[in-house]
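Both complexes shown next keep chain A, but they swap its partner, so chain B is in the first and chain C is in the second.
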Partner chain A sequence: MSDNGAVLDVKNVTVTYETDKGPLHTVRNVSLKIAPGEIYGLVGESGSGKTTLARAVVRYLPANGKITSGSIKLSDTDLYQLPREEVRKIWGSRVTMVHQDPNASINPSMLIGDQIAEMARIHLGMNKKQARDRAIEMLTRVRMPDPESVAKRYAHQLSGGMLQRVLIATAMSTNPEFMIMDEPTTALDVTTEAVILDLIHELMADYNTAILFITHNLGVVARLCDKIGVLYAGEIMEEGSIDEVFKKRLHPYTRGLLGCVPRVDASKKDISLSSIPGYIPRPDDLPDGCIFAPRCELVEDACEKERPPLKEIAENHFSACRRVDQLQEKIERKDELREHHEEELGDIVLEARNIKKYFPFTPGIGSLFGSKKAELKAVDDISVRMRSSFTMGIVGESGCGKTTLARCIAGIEEATSGEIELQGKLLAYSVKKRPHDTLKKIQMVFQNPDASLNPQHPAGDSVARPLILLRDMSRKEVREKVKELFKAVSLPEDYIKRLPHELSGGEKQRVAIARAFAADPALMICDEPISSLDVSVQASLMNLLTELQDSAGTSYLFISHDLSAVRHISDWIAVVYLGRLWEIGSAEDVFIPPYHPYTEALLSAIPIPDPEVKQDRIRLKGSVPSPLNIPSGCRFHTRCPRKYGKICEKEEPPWQDMEDGHRICCHIPLEELRELQGDGLLKKSSAGGGS
Partner chain B sequence: MALANGEEKKKAGVSYLGKFFPRLRRYPTTYIGFAIILAFLFIAIFGPMIAPYHYSQQNLALRLDPPSEEHIFGTDQFGRDIYSRILVGSRDVLTVAGSGTALAVFFGLLLGLFSGYRGGLFDEMVMRAMDVILSIPPLLLAMVILFALGPSRVNVILVVGFLYIPMVARVVRSVVLELKTRQFVEAARMRGESSLYILYKEILPNVLPSLAVEASMRFSYSIFLVASLGFLGLGVQPPSPDWGLMVGEARTWFYQAQWVLYFPAGAIALLVVGVGFMSDGLRRMLLPGGVSDVG
Partner chain C sequence: MGSYFIRRIGFIIITLILASIIIFSITQFLPGDVAQVILGQFATETAIANLREELGLNEPLHMQYLNWAGNFIQGDWGNSLVSRMPVRPIVTQRLVNSAMLAGLALLIYVPLGIVLGVIAALKRDRLPDQMITGVSMAFVGLPEFVSGLLLISFLAIGAGWFPANSSIDPDSTFFQSLPYLILPAITVSLTGLGYVARMTRSGTIDVLRSDYVRAAELKGLPGSQVLTRHVLRNSLLPTVTIVAMGIGWLLGGLIVTEAVYGYPGLGRLLVYGIQRQDLPIIQAGSMIVVAVYSLSNLAADIIYGMLNPRIRVD
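What follows is the complex of A and B.
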């Protein structure tokens, strides 16, 4: 990219927050340049200051935040010097924003069309008629199905993916020069995310907008962006073109981050994920030298004395590490290979047969008149079998019933029918009716770390309670055991007394894992336990779960929408869509063809943090149909990219067996699937060929 | 939030204890509120000792005497010292309104906890009953009940307590409804904890912040209600130096002696404002996220 004519030119910006404890410099000395039509990916974990930086460059900071030095130029306008009223005029016309949460930026009581039209009226000076046409035009541009009717709907009538399109349409409607996208796809399913990323990519070809794309997902950056900047604790660590940075990784932090992302071609049996030890420093507690030094593997004395500046190493490739030369020498990623032990099949721990969960549902006002009840079929006939020391991964889009299935097995939700057998004994549907000694055998780790611990109980108490209640330990034993458990989840002993709000998200999740293990369960249900956490934290938690499984022999039911994570941690994978299983098999088998068309679509949607991997583009149309109104025949036929013909709409597909218990439920004969799918979507690298 | 930067929020957390004092500092009205209440508490305890005269000591020679050095708030129709009466009367207001509030908080908490946690028919019945009480203006209902029971200090307490149970119960119930879907409660259910344990150990501690805020608001309403009832002659009976009663009696003499009305009315207003400030401050401190402080 050429330097001159950058749309956004930020030089040495420092952002300071006035707080009760004094000024906090959350972003320091950051420079960025974005050319027209360029997408700049700004990556960082929570606490890195990426949102602050993005807001600062358009002067959109809260009242106590200030840009204390530097310069910001938007084309030829000096944004930094511009009076506040002038800046306001720029927002929405020359600069627009797309947020992560559509609900925060779309007015729920205004028609979608009117909202977009309003932007055009205010900022482009159009009259009513023109603005309306503009709105429809924009909705068409973002490939909204049936734009005319969408324009006449309200936000709550649209799905998450559609709302995100509306946001993009709104942001684009004024032909901005510069656009900020703040984690626009984070809240979406992988399949929808892939569609939105494609859309942004295509739109970029038509518009000349410069985009600052903020995300924590390296895979998304690799797929979409032209340039990447890695932000850490308020400073840029590495910056350059996508290919350069992903290939050379000339900063230990970039290397660390990339090492944390599980790979789709290797599992826990082959490698353990690298994780970055320690925590991101707080802006009031920065190290004197290199800010990454406390967590860096390559640290040497000189690093701690002076903060290394961002230096240009190759053309347009910058790194803030003193030891770039050493990094350049060994480029290859070091994987910690794990000993491969062929484990024999364990005993069967859980067998769930034909589980169904229907929720009664009376639509809207009909309930007033006692109208006929519909049924929401969240789980519709799913069977799984699990052995000891075994991980079953369950994947699927949100709303596919995976969490409901887990809750039925756990007994928090009462199944409508089916059988749940734990170690050969039939279990009651409701946890209330299950005997004491089975209670401890099934434990659960929940998704949201903030809600899974009682905010008023010290961490140690949360862990101690199952010991007292389910294992009848004496006080002294409990105290010892709690210490032991904290050690097992690598938390320091003084955390026992801390309240949850004094812990970070990852630490809370560790406490929740310790609590689950306190009961000494045979089966642990992990319901998206890592999805709300940063990649480095995810990696360390996955390693922790693997270690604990090795030592305790617990089985995991691991639910996630993140296929790479599931691939990494699971022995066996079940693919769920609309309350049914569609494919089940060992993790290796499910990821190589032939696979079910739905699995295929999920796989091709995974954002892989390697720009060199070329994935086939198989995209699903629309969103998951409502479980109130399940399509006939194969439930997937409304979205299936490989639909086999009329038969898919009429008849339920049969299960087809392959070797090693790998099964697919589809009308397409296996041979034909194999032919269609060829070698698969991902080229397999040599590291993964374990089995 | 002060740091509108979402990324920093995690470290700052929802810690309200850690932020208690800095937050407090940002809202000086809270201090004023606490100061007013402390002052009234002091008066309520030591009132009779610091009062220059006995509250019922009549001096018919000095009827409706304007504020002077001997009687800084003046005297009333019987020549009683208004200043002393207000000092002593604070005890009545605080105890009657306070006990009424305590009653409402106690029963409201119980009802709200069980109703919210149990759900179903029980919840439905309790809440409809609460709605019935809420649908009648409190003062009217209080008057009807007091006509039936006869005015007395105890009856006023009972009435105030009864009237404010629904409000407290509703607030508690809504918090419980939200809490019981939280995963730590589910985790407790999965361990086979009894409902009582879950209510008492898992849910109750998390209800307390909202309850404290609600209680302080109820307290300020109670003061008002007690004063109103006194004013209507349905509360504490003469010759007790009840503020509402004093205002009521002063009406007759208002054209001759306005101070007779101003001082007790002012005392009521000051106390209500003080409690209001305090409850506002409590809300800001205890329920983070309920307010946004970026102007």
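What follows is the complex of A and C.
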């Protein structure tokens, strides 16, 4: 232990990358301490330097990266001064790492057991047999079902959640002093994320490891961490205990980040999300004064002159803001309330009835001889109806059929059966057979704007395509309309000429939205349009979508695994599991009991960025069963935390209706559900009633 | 793996049937009449008609094909139209010769190419990489008749280490032939080496960038173990494919090298057959080359499967 009892003691570290354009100081003057058994949450948007800092701490920087000043101590060892070869001996024994993408971080051609055993072989001096036993012991520790057989499998045979357990088992197997977890749950479903966070929490009770937990998700930090550090453009803006920081929010950036997160108790009808204007500055283009000043609401002249240092405001609570006093005065969250529109029911835009999509699936040699046909039932009888200027949110874990349903409606995937009616006209299954004038009425916005914009075409050309193809506009009209659309999505006019690689992720998604609106659609299908973006960008895009809907009257089918986002933007929510609908109703109703046990599990998994909210811990076992082999009776019974009895295995559950069209498909009578679920999530929230 | 293996063999059979149809059809379109070729320019009309009848040339084409294919499978590959000798011993003899040369060449350029490719990847964009990449590219671009002649003039005529002419005796064993094989094997290795090294280099660079290699390094594994346990197995997958394609090329496509050294391989036999319109030789030789191509690709797929569990375990 070092003099102050910290396992990791980082002082004034600056990391510099040598680039063609000169040195880039990516992380500047950062200090942090982590005590044994403590989980330190490091949050920040992409480009804030989180990963660089973490790699610098363990001396794993690329060849052009260097720690140019400061000190790093791991207990008594001076990591900064240690020769290279000695550092390698510390990796894996005293410092371990859990990586972001478990799929990519495990060698695909090596047995899982061997990959865990490696650690014990090298660092604990065990022989092959002992190391193998150790691997199985570690798999048992991380509550892996059937550890012996998992040890003999390969990465592609395990689900994302299981792979993340494997990474945790590997990292824990040498009982390290210090562990870095770099976005360990970002690639997982909410339900799996919740289970993994619980696991980390439980393991911490047995081990005394100090953890640096990197994430962009404030909800995850609130649930798991003891301390939080908010990193912005390479510097710490605020640091303190979870309770202090979340309650007092003594930096405008922290306040901004928290304001971007949609609330589970309010929707777009009540509030606009606050978003942080502008962009994170590049390390070679930092403002002279406070680095956050250009984006700050409280900025005054003095802020732009001198960079404020990180100061201790209260005990162990640090902030780098000059105007902390003003911040302390007004703590309450400032939400921009929106005027309530008197709602009128619009015309029906889309009516999809009994949509089914079965993929033929013939394994192995069967494909040669055409024997034994199995069917993968991706969507199995789903009906939805949407009115104009209306948003239907679709939620469910990955692999539940959300995207397939959307693709069937868009005609990209041909439905197997069912009816798709757009504005009263029956549509062909395939987009190729749909007439021109219906094509423009359904548009899509995809998750990954990098892949959905042609890298060779300027942004303006991408937006002009639908105008030329679907709306037969003249060249002059097109030019005018493109300008108008760029304005509508709040992009400057000179962006029309830019190529996609010259735009940020959020800007690209704005271009994709402009392109979808160019066709003047009646229905826009948004397939996880904000999932890969930073919270502040997410918030501004959601506000943009809401504004555009108000002015154009377009309906959205909004697919997301992020329930808070869906709650914010949707009028209605449909909950999908294994190709079926289980609950549908207005967004408010779906979030209030009684709800379907599956909805309940999804809601209890949402990481809420408020440490005072104590959620019920309802966790789902295992992962979604294969749609090739759908369980009998109620297809959710294998994982249902509220299984009612034998009836669930034998009979398909009935639809139970409540007021305002809210429906649940479950065997448990509504009265009983209401009793079991009590007040639910909302009432326990101390974040204040929404409206 | 079992079903995968059976499926691959099924595909090979289909490939061979399709190839035999194509080969048979092409030989039908070659100019000149078979009977005329056999009997020579001064044969009488009746003699030609009799021979056509005897050879079954008057039957419909699909019957001719079935007869030929049936005989071929049973081992009767016909007689050479030129020498009147049975084709099968000739082709198999040449196949053995080609296989000896191919085997030796593979032994030289595959291990060497892999080692150089891995070194180039590890020292990426630095001097060793630039040298390896540059030199191997130069060898790929160097025509075999140039590199062959250079080797002959320096190592055979100049230094006198190896014989300049490789026209080996059909009865000699592998070890007797070995000295004659070395120069031609080096010549083709110069070409093959570049492909293997470049493929290994790019495969290894991709894997070195992967998250699981980063994870392995951060486990504290020594560099050598990261390389052998985590990198090579994944990075050699594309190399396997390139080597398999090389086998087909070595057995049927070494026309220039075989000509430079006077080596009696399959490639030269095919050229010889085509020049003389010796249909049975062309047919049998081509079928053997197709079969070798298919089998080496099968071997590659199996090795691929062994290296890559995503294919193996199903």
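By our rule, the second predicted complex is superposed on the first by the 673 of 691 C-alpha atoms of A that agree within 3 Å, B and C clash if a C-alpha of one lies under 4 Å from a C-alpha of the other, contacts with A are read in each partner's own complex, and residues count from 1 in each chain.
Everything below uses one rule, namely that a residue touches a chain if its C-beta (ideal position, glycine included) is under 8 Å from a C-beta of that chain, and two chains touch if they have at least 3 such contacts.
Everything quoted here is computed from the prediction, not taken from an experiment.
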First, second, both or neither for A:Asp20, with chain B first and chain C second: first
Which of chain B and chain C A:Lys646 touches, first, second, both or neither: neither
Partner chain in contact with A:Gly65 - chain B first, chain C second, else both or neither: first
First (chain B), second (chain C), both or neither touched by A:Lys433: neither
Touching partner for A:Leu453 - first (chain B), second (chain C), both, neither: first
In the superposition, chain B vs chain C on chain A residues touched: B
First, second, both or neither for A:Arg475, with chain B first and chain C second: neither
First, second, both or neither for A:Lys128, with chain B first and chain C second: neither
Chain B - residues contacting chain A, complex: 2-8, 10-11, 13-15, 18, 22, 25-26, 182-184, 186-193, 201-202, 205-206, 294-295
Chain B-facing residues of chain A, complex: 17, 19-20, 26, 46-52, 61-65, 282-283, 410-412, 431-432, 434, 436, 439-440, 442-444, 446-448, 450-457, 462, 465-466, 469-470, 499, 501-502, 504-505, 512, 515, 519
Contacting residues of chain A [partner chain C, same complex]: 58, 60, 88-93, 96-97, 99-101, 104-110, 118-119, 122-123, 154, 156-157, 167, 170, 363-365, 367-368
Chain C residues touching chain A - in the complex, by the definition given at the top: 3-4, 6-7, 10, 210-212, 214-222, 225, 229-230, 233-234, 307-310, 313-314
